[in-house]
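Each of the next two complexes has subunit A plus one other chain: subunit B in the first, subunit C in the second.
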Partner chain A sequence: MTALLFYVQASVAAAIIGLITSWYDRKLTARIQWRVGPPFLQPFFDFLKLLGKETIVPAAASRTTFIFAPLFGLASVGVVAAILMKQAFYPGTSFVGDLIVVIYFLAMPPAATIIGGFASGNPLASTGASREMKLILAYELPFILAIITAIIKTGTIEIGQIVSFQAANGSLALSLSGALALAVGFICMQAKLGFVPFDMAEAETEIMAGTFIEYSGPLLAALKLTKFMMFTVMPCFLITLFMGGFSSGIIPGLLKYIVLVTLVVLVKNTNPRLRIDQAVRFFWGPVTGIAIAAIVLAFCGY
Partner chain B sequence: MNWKLYSLLKSPWVFHLSTGSCNNCDIEILDFLTPRYDAERFGIQLVGSPRHADILLVTGAMNRKAAPLAKKIYNQMAKPCLVIAFGACGCTQGIFEGSYAVAGTVDSEIPVDLYIPGCPPRPEAIIAGIARLISSIKEKKE
Partner chain C sequence: MNPLLYPVILPVLAGFLCLFLPRRARGAVKGVAVAASAGCLVLTTLLLLNKPLLWETGGMLILRLDSLSGFILPACAFFTVIIIVYSLRFMDGKANLKQYYAYILWTLGAASGVILANNTLVLLVFWGILGMTLYLLIELGGPAASPAAKKTLIIVGGSDALMLMGLAIVWTSTGATGMDKISISATSGWTITAFVFLALAAFAKAGAMPMHTWIPESAETAPLPVVAYLPASLDKLLGIYLLVRVSMDMFKIAPNSGLSVFLMLAGAVTVIAAVMMALIQHDQKKLLSYHAVSQVGYMVLGIGTGIPVGIAGGLFHMLNHAIYKCCLFLTAGDVEYRTGTTDLDRLGGLARYMPVTFVCCLIAALSISGIPPFNGFFSKWMIYQGIVEAGKTGEGFASRLWVLWLIAAMFGSALTLASFMKLIHATYLGQPNSRAGTRKICEVPATMWLPPAILALLCVVFGIFAYAVPLKWFIMPAVPGESFPGFWSPGIATAMIVIGIAIGALIYLVGNVGRFRVDEPCIGGETLPAESRITGVNFYNTIMEIGLLKWTYKRAGNKVFDLYEQGKRLTFLLSNSFSRMHSGLLPVYLAWCFLGAMLLLFIIARAAR
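Coming up: the complex of A and B.
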């Protein structure tokens, strides 16, 4: 019962932080483009408005899958938020192998958008879903290689012990292999969040909204909220693995988070969209190469 | 005023539909979304799918090919939603009045909430029109 309560609390907290982060993203984008930008409550109004709208299930869609796919994505990202927050607030409560659980649950939201896209019966949504699938195949390999670097450096698959190792020996990002793995993880985060240059799955200018095209009302709100929560959870995950976690206090933790989010937004605003074949070549070529170099360096003790 | 309508007026997402316009209105709409006029201040966003949209922005004199499609797209939108007839042709058929190719005005096909006249209307006119629409809905509800 307490676990369920903590799960709900962590999900709501991640949702609120995610909505605030998305405001920060839009405001920073606006300032980069030399305009004023949306007011602070704008993401909250967007979310509220979508909750109040009608839900349309297309006649061609597979009804059950179409409705439940976004909810599964939302629930899984909540699990990741709960595991990370429990570790941050109550150190020493993590369990062996929670890193593996987090990797699996982080793969769920993109999988949910693929299932929802295919279930909606729209050709543009199918195109978006197939692109998203290729993108997952591309970025999961270097992402997991980057995580393996952290496992080799610390010798454990428990998030709590990775954080306490970093508290004792300095954060992983300060070593050469850790810095390379962090860079790889950062690029994979950009793709996992579906931001430019890796937003070909929902490219507004060519396939409208891609996988989201048939969704309306509360289901669209669930999909958007999943994206915003991923925007909170992914930087927190990288901070926990490579940058010493949140054990050093609120202010340094918040600073690390803001730096990572700002970098994501800057990359998003200064790059054009890649084609899907370019993205796959990029991830399987240079990014995987850097990740393997990081693993070799970690074995050699750098 | 209930929370549904209040949040809708705070974040109107726009779907832009051309029913046979000369493209001049469409270019003014793109101008309206540029950083100079910064529509995002009011939460206005251009979306690619009518399922996401709250405002259907219709330009052009409704020609015979476009009329059934306009009706279909209006039915595809999630309610509650608003419709804006844009430009002289959207409001009154403009110079195409009496043409054999034109089916009617926008409001003879779908219910219209706001008319923005002009050939083409300036971006300032769009902002003023949407602001007036929001305030009139607020007054009506109070």
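Coming up: the complex of A and C.
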């Protein structure tokens, strides 16, 4: 029961932090582009506004699937948020699942989006969703390799033990292999969040938001919220895995988070969109190469 | 009579009864089949509860029921019931109905024999009978299935020869034919050969590479319930049972030993190569059949670790695979029954017309892709732990290879998800095929949706209550001494997901989702012509075009990697060179005879000297 309560708290917290992060993203983007940017509460208003909008379901859609797919993504990102938050507050404990479980749960929101896009019956959504699936295939390989580096360094697949290991021996990112793995993880995070240069699944200017094209009103609100929560959860995941977690106190943890988010926003604002085949080549080529180098270095003890 | 004989004799007798009933008595044939298989299920469950059981005769232990065979036996009977119930409607009106049910029941009898056999000769005999019934069942698909049936017979029958060799070597080195008395440490060249031969026989049955090629071939043409019965579920149970028996009981496979690396390499290659082939298939049955190959890789990986949790994971995956793959094939059968095709290009948008089938297929697809909290995730998770643990034992290069196996397994599951997304899109979601006339399509009759629904329910139950039901009753007794280095509580996670969805539903309620408006899809103001439908068949063509993959796919398309095709080429090469000598010219034959006589004379003369 306490676990479930914790889950609700973690989900709500992740949602709120995610909305704040999205404000930070928009503000920073605006400053980069010499604009003023939105006020602090703008993402909250946007979310509430979406709840008040009319829901439109396309005629060709498989209705139930179309409507419920976003909720599965929302629910599973909450599970990851709960697992990570447990490590932030009670480092070293076992809760719900280990590293492998988290990897699989992190793949579920994109999968839910894909199924929702498929269900809409819109050809553009199908195109977007198929790109999303190919993108998953592309980044999943180096992402798993980066995580294996952490498993090699710490010798465990339990997140709690990985955090304790780092508390005793210093962050993984301080070693050469750990730093490389973190870099790989960062690039994969950019793709997992669907940000430029890896936003080909949405590509507003080309396929009109792709997977999201038919979503409106509260359904879109749920999808957006999932995205914002992922925006919180993914940096926290990398921090927990490679940067020593949040056990060292509120201020250092927050700083790590802000640094990662800022980097994501900077990359997003200074790059053009890749084509999907370029992205696959990029991830299976150089990024996987770096990840393999990290694994070899980890085996050699660096 | 010893109770262990019943599960072997009962289905065989029932099969003969089916065969000898008059042709008009279709109902009686069906009744006999259902009653016999259901009786077997009850009987084997009772046997499981009373294990261990033995049957000795003539001073030899012939049949034995222990913890390992105990749970596989009722599983075989269970799948037989499912398939027979499904066939009641699906096979209606097909020719050779009596033979069909007879062969299915004989298969069950022979399978029980294989699983119970303790004597290696008994095992071999039943194994051979299984190959025969498999051939006969595929052959029922009509003339189109003949080449596939022949291929199956050659590969599976050929692997019987390997098994005979392997068992012969075991017999000469230990002098024992009872499996309970055989315990070999595979160190010498002969014992390693024996193990490899036995493993290859198991691979051929289960469909691991390089002995897999009969599965995709037969899946296309054989009657669908046959595919769902044998390659998808029963052959997995049997092949993996043999592999576990061989590598756990008869031989002791140590982690990171050479044989462990051999098994895991075969497993890893199977996982990746087969799923890559599945990714580009255009036919639902063929796509599923490649997954039936790919998933064997996971089981072999798990068993190859030599770590209890890995072996248990492999066994659990075997059980799970049989459940969800059987379910997937049955849903494919539902689609075929209603639309008359399994070609992904011609399907689409069926979710609205066949909701139960769609939900079953979705659950099974998520299970096979390893999405938590379903059963496929649980067994994969156990296998991953086995792989990581195997890396911790021992030193040297072999103990570092676990990284490769882990990547193959985890990336393979992403590829699995991708190919099932394609299947789901092309069949159930996406745009309906306007030319196929989807209006007439409705849900299949109850005897056809109930079997996959039961299997889908099992996917959920075995995933969420994994510790309480399947592990406790089936897997843990069979593989003693397992411990979980990782952590996963599916019950809490499921409760969380349910609550998360409830919260999400609350958001929907606030937003008044119930009063939605239906409108045409937005394609940016364009009107799409009906024929420019996206079916999803070409989703992954961009991936096919990448460097090395393009080269490999091209060769795989030409069957360069097919052992059977290469063997066929070699055989024909040899036989052609011989047949060329038969020119029909008398002088040439006379010359051969003369040369032969000369040679003979020379040898005799040398010997006489």
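We adopt the following convention: the second predicted complex is superposed on the first by the 298 of 302 C-alpha atoms of A that agree within 3 Å, B and C clash if a C-alpha of one lies under 4 Å from a C-alpha of the other, contacts with A are read in each partner's own complex, and residues count from 1 in each chain.
Criterion: contacts are C-beta pairs under 8 Å (C-beta built on N, C-alpha and C of every residue); 3 or more make two chains touch, one makes a residue touch a chain.
Computed from a predicted structure; not experimentally measured.
When both complexes are superposed on subunit A, subunit B and subunit C sit side by side without a clash.
In the superposed model, A:E214 lies in contact with both subunit B and subunit C.
Counting the residues of subunit A touched by each of subunit B and subunit C gives the higher count for C.
Contact with neither subunit B nor subunit C is seen for A:L274 once the two complexes are overlaid on the shared chain.
In the superposition on chain A, A:C188 makes contact with neither subunit B nor subunit C. Judged by the touch definition given at the top, the superposed model places A:E54 against both subunit B and subunit C. Residue contacts after overlaying the shared chain place A:Q33 against subunit B, while subunit C stays out of touching range.
Following the chain A superposition, subunit B and subunit C show a smallest Cα-Cα distance of 6 angstrom. Put simply, subunit A uses residues 52-56, 208, 213-214, 217 to touch subunit B in one complex and subunit C in the other. Contact residues of subunit A toward subunit B in the complex are 26, 30, 33-39, 41-42, 45-46, 48-49, 52-56, 204-205, 208-209, 212-217, 220. Across the complex, subunit A meets subunit C through its residues 3-4, 7-8, 11, 50-65, 67-68, 70-72, 74-76, 78-79, 82, 94-101, 103-105, 107-108, 111, 114-115, 118-124, 126-127, 129-130, 133-134, 136-137, 140-141, 144-145, 148, 151-152, 155-158, 208, 213-214, 217-219, 221-222, 225, 276-277, 280-281, 284, 295, 299. Listing the residues of subunit B that touch subunit A in their complex gives 3-4, 7-8, 10-11, 35-36, 38, 40-41, 43, 47-49, 51-52, 54, 76, 78-80. Across the interface of their complex, subunit A is touched by residues 349, 351-352, 355, 358, 370-372, 377, 381, 384-385, 388, 392, 400, 403, 406-407, 410-411, 414-415, 417-418, 421-422, 424-425, 428-432, 485-489, 492-493, 495-501, 503-505, 507-508, 510-513, 515-524, 528, 532-534, 536, 539-540, 542-543, 545-546 of subunit C.
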